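Just so it is clear, A, B, C and D label the chains in written order, and each chain counts residues from 1 on its own.
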Amino acid sequence: MVKCAVIGATGYAGAELVRLLLGHPEAGEILVSSSSSAGESLASAYPNLYGGFGSKTGSPLFVDKAEAVAAADVVFAALPAGHADEVAAACAAKGSLFIDLSADFRFGPDEATYTKWYGKSYAHPELHAASVYGLVELNRPRIAALGASKGPKCIGNPGCYPTASTLGLFPALREKLSETSGIVIDAMSGVTGSGKELTKSSHYAECADSTAPYKIGEHRHIPEIDAVLAQMAGSKVGSVFTPHLAPMNRGIVATIYFRLAKKGMKVEELREAYAGFYANEYFVRVLPAPLVATNRNVRLSNFCDISVHLAHDGETAIVVSAIDNMVKGAAGQAVQNMNVALGFDEKVGLSMFPPAF
Amino acid sequence: MVKCAVIGATGYAGAELVRLLLGHPEAGEILVSSSSSAGESLASAYPNLYGGFGSKTGSPLFVDKAEAVAAADVVFAALPAGHADEVAAACAAKGSLFIDLSADFRFGPDEATYTKWYGKSYAHPELHAASVYGLVELNRPRIAALGASKGPKCIGNPGCYPTASTLGLFPALREKLSETSGIVIDAMSGVTGSGKELTKSSHYAECADSTAPYKIGEHRHIPEIDAVLAQMAGSKVGSVFTPHLAPMNRGIVATIYFRLAKKGMKVEELREAYAGFYANEYFVRVLPAPLVATNRNVRLSNFCDISVHLAHDGETAIVVSAIDNMVKGAAGQAVQNMNVALGFDEKVGLSMFPPAF
Amino acid sequence: MVKCAVIGATGYAGAELVRLLLGHPEAGEILVSSSSSAGESLASAYPNLYGGFGSKTGSPLFVDKAEAVAAADVVFAALPAGHADEVAAACAAKGSLFIDLSADFRFGPDEATYTKWYGKSYAHPELHAASVYGLVELNRPRIAALGASKGPKCIGNPGCYPTASTLGLFPALREKLSETSGIVIDAMSGVTGSGKELTKSSHYAECADSTAPYKIGEHRHIPEIDAVLAQMAGSKVGSVFTPHLAPMNRGIVATIYFRLAKKGMKVEELREAYAGFYANEYFVRVLPAPLVATNRNVRLSNFCDISVHLAHDGETAIVVSAIDNMVKGAAGQAVQNMNVALGFDEKVGLSMFPPAF
Amino acid sequence: MVKCAVIGATGYAGAELVRLLLGHPEAGEILVSSSSSAGESLASAYPNLYGGFGSKTGSPLFVDKAEAVAAADVVFAALPAGHADEVAAACAAKGSLFIDLSADFRFGPDEATYTKWYGKSYAHPELHAASVYGLVELNRPRIAALGASKGPKCIGNPGCYPTASTLGLFPALREKLSETSGIVIDAMSGVTGSGKELTKSSHYAECADSTAPYKIGEHRHIPEIDAVLAQMAGSKVGSVFTPHLAPMNRGIVATIYFRLAKKGMKVEELREAYAGFYANEYFVRVLPAPLVATNRNVRLSNFCDISVHLAHDGETAIVVSAIDNMVKGAAGQAVQNMNVALGFDEKVGLSMFPPAF
């Protein structure tokens, strides 16, 4: 049993992570820390977890960040941009595993890109240089190697949009099935994607019964998507990404358009190529026709559902990739990373099936 | 490990039950049966369960009802009214446990009431006479005794509204804290309560952004509530019940009004009485002030959250009782009944915590 | 044509009022004022109104409150509690009609009750003494008399819950069909009821797919309901009121329980009594059986739909009363008050029919 | 005043049209016809319209289709595919204006395309040859000429997706700002788009909190979009169109991607080109930065809101086009067509502003 700490446990990703860890058979004590809720109990912030720590009438108090880090074998951080390095350094000093749910560790050594989009700099560049981007399906061997590593063990947990988008393109790019320019990624997200902060765009009366793109051409997940697609393709990829806010709580659905590299390829061939590519990935389900991927069928699970289609022009592939933004797009993927890094069965603690409704 | 059969597995309650059993450590093989989907695979009806039986690309076919019953140690039925007796008789002949999610076994020997409200009669009155109403918090000893019984083992799983309503009144009636007439139960349900059948009232454009009472004065849960309240109070109870449909997928919230038997009782006293009454019931959480029970905090769990309040007149108690209609109000309670009847830990397979959102 | 001013035009009630006045044939220039948006254009706060003032590319700037009041024939205020007296006094000095959408003018001379619940005092008690509570169906003659009055012309526009609740009880109380104690009013509101202020309870992820009572026993509409019911009945009425938040944008549905004064009264008799009572009220639609009142069918209109039912006990009437909280419960009723006070046809500017979906 | 007939008045588009005509000052008697509801009153099908025809307690009965056509000056039909020709012929014989809300008259003389996608043939090809596609912004002169025409007066009212999609591309194609291949139209629709028919995909529990593309590569609006874009561009245009279902009642939001014809064009230039192009179109609002078009701000109005953006690559324009699918996408556009054809002010009966929430 490993001791876990969740730093930033009152944010949405942190709270979801606590919930998943509560059901994880290898997770022992779970320490929670939150600067905004010091001295309060977890259940006062999240009444859904009332009674969730064994006691029917209580729940643990939030502890000091340093105390949580000192006690834990695995530290998860879900903090605003620019706050992860300090926690990462403390973990490195102690030799514990650090999994960051913010964007701080998603760019590896490429500080310039990080700084351009997030306006922060690296306090510990050497930790970033040694870190791994935690998309397990892409980087499993490197993540697995972290466990026995003598060096720092830092994982940058991927963003929600990049997870759905890049998994939807991975087979096409790696197998050279897609042209590498002119790709369009049109994605919808549920409102939890913008977290617990009270904003006009997440005010019920503003977003119910309504949908719209936002941050067009300037969303911070753009450089992350670009970097991962380039790694997958082995060369620069030209893509356009537009996020939309949809009136639903959870989920991301990315509708992805690319031109077939081989003219005349049939949709069945393309689907089989995808299915074969992911045959050994438990969490990626390439759906048989006529199913279409939707957030509904992956809700509360760590699955990424992918369906493969062809446009009416016969030349444009349309791939739909759906995840739960809070699970595979955040907390679940963090647990998956922990499982791989620590040598647990990758599915442990993530075996729940999505509810039908 | 016990073999389980779910008869009527394509209905909403049946599908939810399959999902819960998939995560139940004592459940072995799960046989699914559906008259409407014979020959199809489970995943074709419920793509959320795709890959849910061990195989990444397949899922079991629906089998014949008789085959499922013959093979199983525990048989759950989620069929329309009037179809349970046949299954119950087959189970009784075999000595297997039968848990019925319809209303057929909720009235015990009182066939007259059942016939009046459901228009059906008992094919096997002796099975009803021996059956137990499966509200564990009320009838735990009788349910537990079924396991070792030589006779028929039939459990009538309670309705969703009756579960929320009667748990919200149990302490008040048993402890004589409430007057026994003039009780008002005003309850809201999510749309899954009306199942998968396509009806005008569950058509998205008809029920989104809208709410209203329905079946006023004539909902079939009225006689069930009356019967259970009478058992709790030890005498007839005068109550009025009105269900409402609210634009949400899951959940029941019952707002219950009763006049205090003891004038001047303080809200803290009443809350403590409730908390004490349920101190040993894991699945009933009596919330501390100022929390208010809501379906949001019990979603996808087997919890019943109860909060206790006082009206402005100082004489009327207002108790709010919230459950997930598909879990504690149906499939979860069925699993809880199985656990108690077979001597498993009551929480096994039901330990998931509700998500915050 | 009358010049109109809307003070507090960026709040939800104010914005809805501007929208209604834009379609009112007797409304000339509309001046808008907002302390929080000085110098901005109306369309920057409400892009739905872009182009709404005749110019395709512009919309008026917010003007100073004093300027708006000075220029207008009719002044509407939708300000936080405690700010109406100053505006009312300016209107009284000028002889213009003042319609207040806050609670400040709902209690007439009863400053004690206002102070107890709102924590403010009257700056101009004489204006309150002369004011009229603007529930047209109750006080039409007094409102109509304001137009020709030499004194101050102040109308306190009713609250949303009180409008739905008291219209649902008016025939029963006036015609002595109901017992005057033990009345239960259980009401649901859409989220716009809590306005544009960003709060946790109106954060999408907190209120979607969820419903719960709030402010149990302490909602500020309680004393207003009590006062109006007493006026309707001619004596004190004992009632309990509980508001709920439901995941919908607009609407209030009040489910009201009262015991029949005359045992054995049939539901048809009761329904006919209601229909006859409201026969000449255009905005109150007493629905024929088997229709049930719902916010869906009054959305965006000034209608109050009422349906009349009987509980299973044969002794308890259940009346459902539904309005759009932003129209009949706020801005529409304010326009109705203006129409009556200024001698316009009561329906002018309010003739739109609710959309079906 | 013109007499209007609505054939197929119980469908969603028909019901919305009746509601709009009820508020249209030039519309006199409105006859409603429905094969599924013969003998019933309009209010029994649409309780929102209760009292909507002058009588407080009644509403008109549905009349026979032939009777409605015979009596009316303007006939609107909202019938399933293949049923419009018969009505059109009756109107042509009588010289009355016929506006068809189905797809039957959207393809003019191109029967082959119609037959390929809808599986029906033309009963009266000559009526189709003389008909006009009723996108007023594209074909206003031809529509206006119909009024004085001696020949048949048949208008094919555009589909909802084609309206949003083609208005979003019209300036770019006509002004040669876009490349004419590689266009991607990714559109979301509210659930009313699939009408009142009870289907699994419009069952509340299936579509709430969920979103997904559907009919990928095979939606019937594809050929209509292709034809209109070609007319706008003056040559064939290569585009891909994917519809999505989003959990909202009304609205279409199309996110449109095209490559700029002129490299280096700035977003401000593009926006100004759009604004200039539509300067005299009342119902098309080209939004100033930083506003983004959304169905929320056009709801219940006949506006088409368009916002203009640039992707991060600097080469791809992203145009967002939003309408209310039931108004500008169906019933409102039909009224707009009537207004133009009969020489009324184009805005008459369509002057309502969208509510903010």
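Here, a residue touches a chain if its C-beta (ideal position, glycine included) is under 8 Å from a C-beta of that chain, and two chains touch if they have at least 3 such contacts.
Just so you know, these numbers come straight off a predicted model, no measurement behind them.
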Message: Let me spell it out: compute each chain's centre from its C-alpha atoms, then which one is farthest from chain D's centre?
response: B
Query: More C-beta pairs touching across which pair, A-B or A-D?
result: A-D
Message: Based only on mean CA positions, could you tell me how far chain A sits from chain B in angstrom?
response: 35
Centroid distance [mean C-alpha coordinates] between chain C and chain A, Å: 46
- prompt: Roughly how many whole angstrom separate the Cα centroids of chain A and chain D?
  reply: 40
Chain A: positions in contact with at least two other chains: 12, 192, 205, 208-209, 247-250, 296, 299, 357
Message: If we count contacts the way the header does, which residues on chain A are in touch with chain D in the complex?
response: 182, 184, 186, 188, 190, 205-206, 208-214, 216-218, 222, 238, 240-242, 244, 246-251, 253, 255, 257, 292-296, 299, 309-313, 316, 318, 320, 322, 357
Task: Name, in rising order, each residue of chain D that touches chain C in their complex.
output: 12, 15-16, 19, 22-23, 46-52, 56-57, 192, 208-209, 249-250, 275, 279, 282, 285, 287-288, 291, 296-300, 303, 305, 326, 351-357
Message: Quick check: in the complex, which residue numbers of chain C touch chain A?
response: 12, 191-192, 196, 198-200, 202-205, 207-209, 247-249
